[in-house]
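Take a look at this one; I'll ask things after.
We call the chains A, B, C, D, E and F, going by the order they appear; numbering starts again at 1 in every chain.
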Amino acid sequence: MKAVIKLGGFVFSEDRPLVADYVKLLRDFVGEHHLVVVAGGGPIARAYINAARTMGIPESLCDQLGILVTRLNARLLVDGLGEYAFSEIPVNIDELKHYFASGKIVAMGGLQPGHSTNAVAAIAAETISAELFVNATDVEGVYTADPRKDSRAVKLDEVSVGRLTEILSNADISAGAYDLMDPLALRIIKRSKIPTVILNGQDPQNLVRAVRYEKVGTKIVHD
Amino acid sequence: MKAVIKLGGFVFSEDRPLVADYVKLLRDFVGEHHLVVVAGGGPIARAYINAARTMGIPESLCDQLGILVTRLNARLLVDGLGEYAFSEIPVNIDELKHYFASGKIVAMGGLQPGHSTNAVAAIAAETISAELFVNATDVEGVYTADPRKDSRAVKLDEVSVGRLTEILSNADISAGAYDLMDPLALRIIKRSKIPTVILNGQDPQNLVRAVRYEKVGTKIVHD
Amino acid sequence: MKAVIKLGGFVFSEDRPLVADYVKLLRDFVGEHHLVVVAGGGPIARAYINAARTMGIPESLCDQLGILVTRLNARLLVDGLGEYAFSEIPVNIDELKHYFASGKIVAMGGLQPGHSTNAVAAIAAETISAELFVNATDVEGVYTADPRKDSRAVKLDEVSVGRLTEILSNADISAGAYDLMDPLALRIIKRSKIPTVILNGQDPQNLVRAVRYEKVGTKIVHD
Amino acid sequence: MKAVIKLGGFVFSEDRPLVADYVKLLRDFVGEHHLVVVAGGGPIARAYINAARTMGIPESLCDQLGILVTRLNARLLVDGLGEYAFSEIPVNIDELKHYFASGKIVAMGGLQPGHSTNAVAAIAAETISAELFVNATDVEGVYTADPRKDSRAVKLDEVSVGRLTEILSNADISAGAYDLMDPLALRIIKRSKIPTVILNGQDPQNLVRAVRYEKVGTKIVHD
Amino acid sequence: MKAVIKLGGFVFSEDRPLVADYVKLLRDFVGEHHLVVVAGGGPIARAYINAARTMGIPESLCDQLGILVTRLNARLLVDGLGEYAFSEIPVNIDELKHYFASGKIVAMGGLQPGHSTNAVAAIAAETISAELFVNATDVEGVYTADPRKDSRAVKLDEVSVGRLTEILSNADISAGAYDLMDPLALRIIKRSKIPTVILNGQDPQNLVRAVRYEKVGTKIVHD
Amino acid sequence: MKAVIKLGGFVFSEDRPLVADYVKLLRDFVGEHHLVVVAGGGPIARAYINAARTMGIPESLCDQLGILVTRLNARLLVDGLGEYAFSEIPVNIDELKHYFASGKIVAMGGLQPGHSTNAVAAIAAETISAELFVNATDVEGVYTADPRKDSRAVKLDEVSVGRLTEILSNADISAGAYDLMDPLALRIIKRSKIPTVILNGQDPQNLVRAVRYEKVGTKIVHD
């Protein structure tokens, strides 16, 4: 199966047992699945963005610093995967297409200011005609509201793009603060009807469940 | 004044008197204004996109073909501007920042699939801390509805980002079909409160009016 | 067989049924033939060159605009060919050699001002030690004179490089106006005795005939 | 004065008041001094290197991850310096020479596995024929022994390259663990007799003292 | 005056007093003239080409090796010129245009297989709209025949492009063996009516004479 | 076996029978061994460095000229090896890793000023986790002193890194004058315990002996 896996920045946080776990998991997928893995930025990205914002640097350049951290995280994946990964990190869609044609796992980070690595993952999924896009976040899936702020929030097993757009419509896009999916990601998922699952990546086994089409997290449904 | 000018693809259409007119106008601005000019794709972009879509090529790659046409249009501007323009076309935000630092006019096209050159222009405006972003389209400004489809549509002199988002919320994002502003452009304009004017670029004098802060087209107002 | 196919710009003209036909044909060649396909510029290249020349831009830069259109045409081929094509367009001979080593079809456009994509195709043929170079033009082959201007022109089945040089010696090299073969192409064909056929590419089946060594168009013979 | 300033990774540590202080200081130097600033990696580099080493990644690739962090730190400097800095980070000596010719401050990180950013700074000093190379570390200067391990260590006001080589001869070169100067840095300093000062960069005013040729830290003397 | 100077490979031959002489001369021109200097390959290029040809390497790749030597020669010029030269060597026409806009001397070598550095110099002259193109060879100018082979050869003070084409029509284009001007150079000179002088560069003072429009070598005249 | 072969610059000297011999030998190794071949600079590098030094060019830029010659030598190897070699020359460690993953022979030259191509070869060996690093020099191996200067010098069959460091400790690092191993090479060999043999490459059969683990030259032993 051709799939895109977005790994949230938390996977690369300082005490980092998770990145090694994911490297092991991804190696097991080789042969069966052909993957693009998109790395998020996490706390280190936020630290650089905050340092930059404090100095009055424009938002788009703060975004760029965050993107550099996501590429650093992608590089750690590439090095850990060794011969199973394509050794370069794509920085545009042409490169992604080119590197993916090698048959190896391609790891990448952000591409451009103004949108999240979720949007990057959606564009990647469109480019490789992915059969599955898994967004491995640090929450169980899509809730009717932000579960960190609202205790009445209920997790949804399935959600339409329209409904999800509504739920997320108040999300803030200042650099580093995107959540779950940004509007650009949603529009791409919608225009190419990309099969998408949002799940909790803190347990790597959830990813195994997703590629086996077992019920996990929240599935985005298309009409 | 630091400003970003988006020139719609119609400026570069085959019978092309407009591109030469704009080159002349932009040369006159040198000294007074420091500009980034973003070129749209127009009918040639649409022709390539259609040819590609007919062959079943993924949407993101159709977008890429359109982007190549926008860069070709930008190159025509650069060649026409001669020594007044930076001789390279930036293909990412780092290059834009770098080339703009030369003090010359920077011309560019699209950057990435999934969003319009309007979003590119907004990100460029954010990056250079532009005092003005002019979107030179082929309509008079923002209407309460699409004036090509609805005869009751009324042109607005001013519009808030929120109101404009609402008006444009049904826009189609299949490659080459963006209108006026796409959601990413709007979010960037909003987060950095970029002073923005949408006007009719079929009359180049409208651009002169905009940089003189005369009333023309539709102004986006921030709270 | 290792071969270089030059597709004249007419293949990519706006109503474009031909590009899809050629994509289909080239896919069928995979396995049997290993190809470099060089795209010409055609009417869109001429339109950009004319726009540039009108603005007084130097000839070499007009050539460069035409080259960008040939690369755009090559990109359309690459996207249409999908996994059968190498995903990048070479812009110099080192890249050509590198990309061809992938075993995939390599599509490319022009390389440098001052000579035609026919010369590019000849250099490509030399670089890959091609067994055949097919120049798919919009005429039946080489005539004793320009058939569009002289009704007494007779088509030749075979022609020596010396004779062809003579026939073409009055060709104009202003950007975008090359015909059949330019002097540089001829000198390369001569120095490396490249087996070459010039044929009418408006019928894609002529290409099939050429790779089967059937009699078609005009063959360039070496002593 | 043409000078190279090496800023140890501690300048970019998470609570980071220092990077903003240095940005302010460096802006004040513009006009009087023409600078190359080389950023170290610090704790974030060490965290990535450790994560990589845990996964059994070769030392040279661990070094590369550390280099990416140094470039990220350099980027933060560039963004903070705004128009005073050249907007690109050089990744080889040709680029350094090229970017320095702009007359702006050039910020850079590491270049290659196997040696420290101190060696990079020494090569940069040689390339621009620097009149001063300041190594801003987190200790007061060169001691007769490692002051963190040996309480009898005495700070030296001046030291010859030969003596310093001896003192540092037991330094470990596993990625991220270089101290003060590595052997390559020393050999470059020696062959081109580069005027060098090692000082405590935790107080940015020490840098001001060094460029005024006031007594601070440890000066490397040449015969 | 904007001018292009082609320095034959003999300028860079092993005992090399000439390169230092030319560096001195070119520095003196700064302020008065804005130059592109194109370096030839000379004996070292021929040595590499011969080694390659002996191993049966295709002609176009032999050409490429020769081109690398011309760029090495150009680099020696750049390093010798220091701050007076642009620090990068252009490898295509876009880069030439870009680097020339810096106002500094641009040094370059070959660009592409199949033609000489004389053709490169002609294209460069066209690109920068040069007022003079000086080809510094190791002969006094154009003779009615090859003076090294025919003792009756007479030097011409002026020659038309047509006549020169005739004289050179038997030149061999195997890699590294071009003489004076190749056909592509001649066609470029003709199409853009580039004022051109061919002179003996073994005496650098001849270059001084040429830029002062004094009578020296052979002048190519246009109708 | 994965191995790195360093070929001293003498292999590429003007009368050059050796490069063709090595190309033949390396082709025979394909299938059995996966190789990185690092080319030295030799007399041509020294000639360019001397010319540069005479003009007062900084040492690091003299080094860069020497590096360009090593890359030219590597290119000759690549062209001679044809389909057995990766067609591009890596210029940094990321590219080396990337090109080596192709399964083809990778040829390269120097990377950065300040150290020899021996250090490059050591870093390459570390990067690919080489089982053997062969340094093919123009002497029989490591002597107790420089055999060209001291007739009492005795060749060693084995030597520890510590002892070798001592022997070489007086080596001069002015550009182009490195011998056998420079300190950086030694430190890399030591930190990753790279199995290393120094032998006389003037007889290519010595290389065959080394890859068969036969006794030849001097072996570096690790504790």
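Going forward, contacts are C-beta pairs under 8 Å (C-beta built on N, C-alpha and C of every residue); 3 or more make two chains touch, one makes a residue touch a chain.
If you're wondering where the values come from, they're calculated on a predicted model, not measured in any experiment.
K.L.:
Show which chains lie in contact with subunit B and also with subunit D.
P.N.:
Of all the chains present, those in contact with both subunit B and subunit D are A, E.
K.L.:
List every chain that touches both subunit B and subunit C.
P.N.:
Chains touching both subunit B and subunit C: A, E.
K.L.:
Compute the distance, rounded to whole Å, between the mean C-alpha positions of subunit B and subunit F.
P.N.:
Taking the mean C-alpha position of each chain, the two centres sit 54 Å apart.
K.L.:
So, what's the distance in Å between the C-alpha centres of subunit D and subunit A?
P.N.:
Using C-alpha averages as centres, the distance is 35 Å.
K.L.:
With centres defined as the mean C-alpha position, give me the subunit A-subunit C separation in Å.
P.N.:
Inter-chain centre distance comes to 43 Å.
K.L.:
Mark out which residues of subunit D touch at least two other chains, giving numbers and ranges.
P.N.:
61, 64, 94, 97
K.L.:
Which chain pairs here would you call touching?
P.N.:
A-B, A-C, A-D, A-F, B-C, B-D, B-E, C-E, C-F, D-E, D-F, E-F
K.L.:
What does subunit B use to touch subunit C in their complex?
P.N.:
Touch residues, subunit B against subunit C: 14, 16, 19-20, 23, 44, 47-48, 51-52, 54-55, 57, 61, 64-65, 68-69, 71-72, 75-76, 79-80, 82.
K.L.:
In the complex of these two chains, what residues of subunit B are touching subunit D?
P.N.:
94, 97-98, 101
K.L.:
Spell out the part of subunit A that touches subunit B in their complex, as residue ranges.
P.N.:
Residues in contact with subunit B: 58-61, 64, 91-94, 97, 111-115, 119, 122-123, 126-127, 129, 173-174, 183-184, 187-188, 191-192.
K.L.:
Residues of subunit C touching subunit A in their complex?
P.N.:
Residues of subunit C touching subunit A: 83, 86-88.
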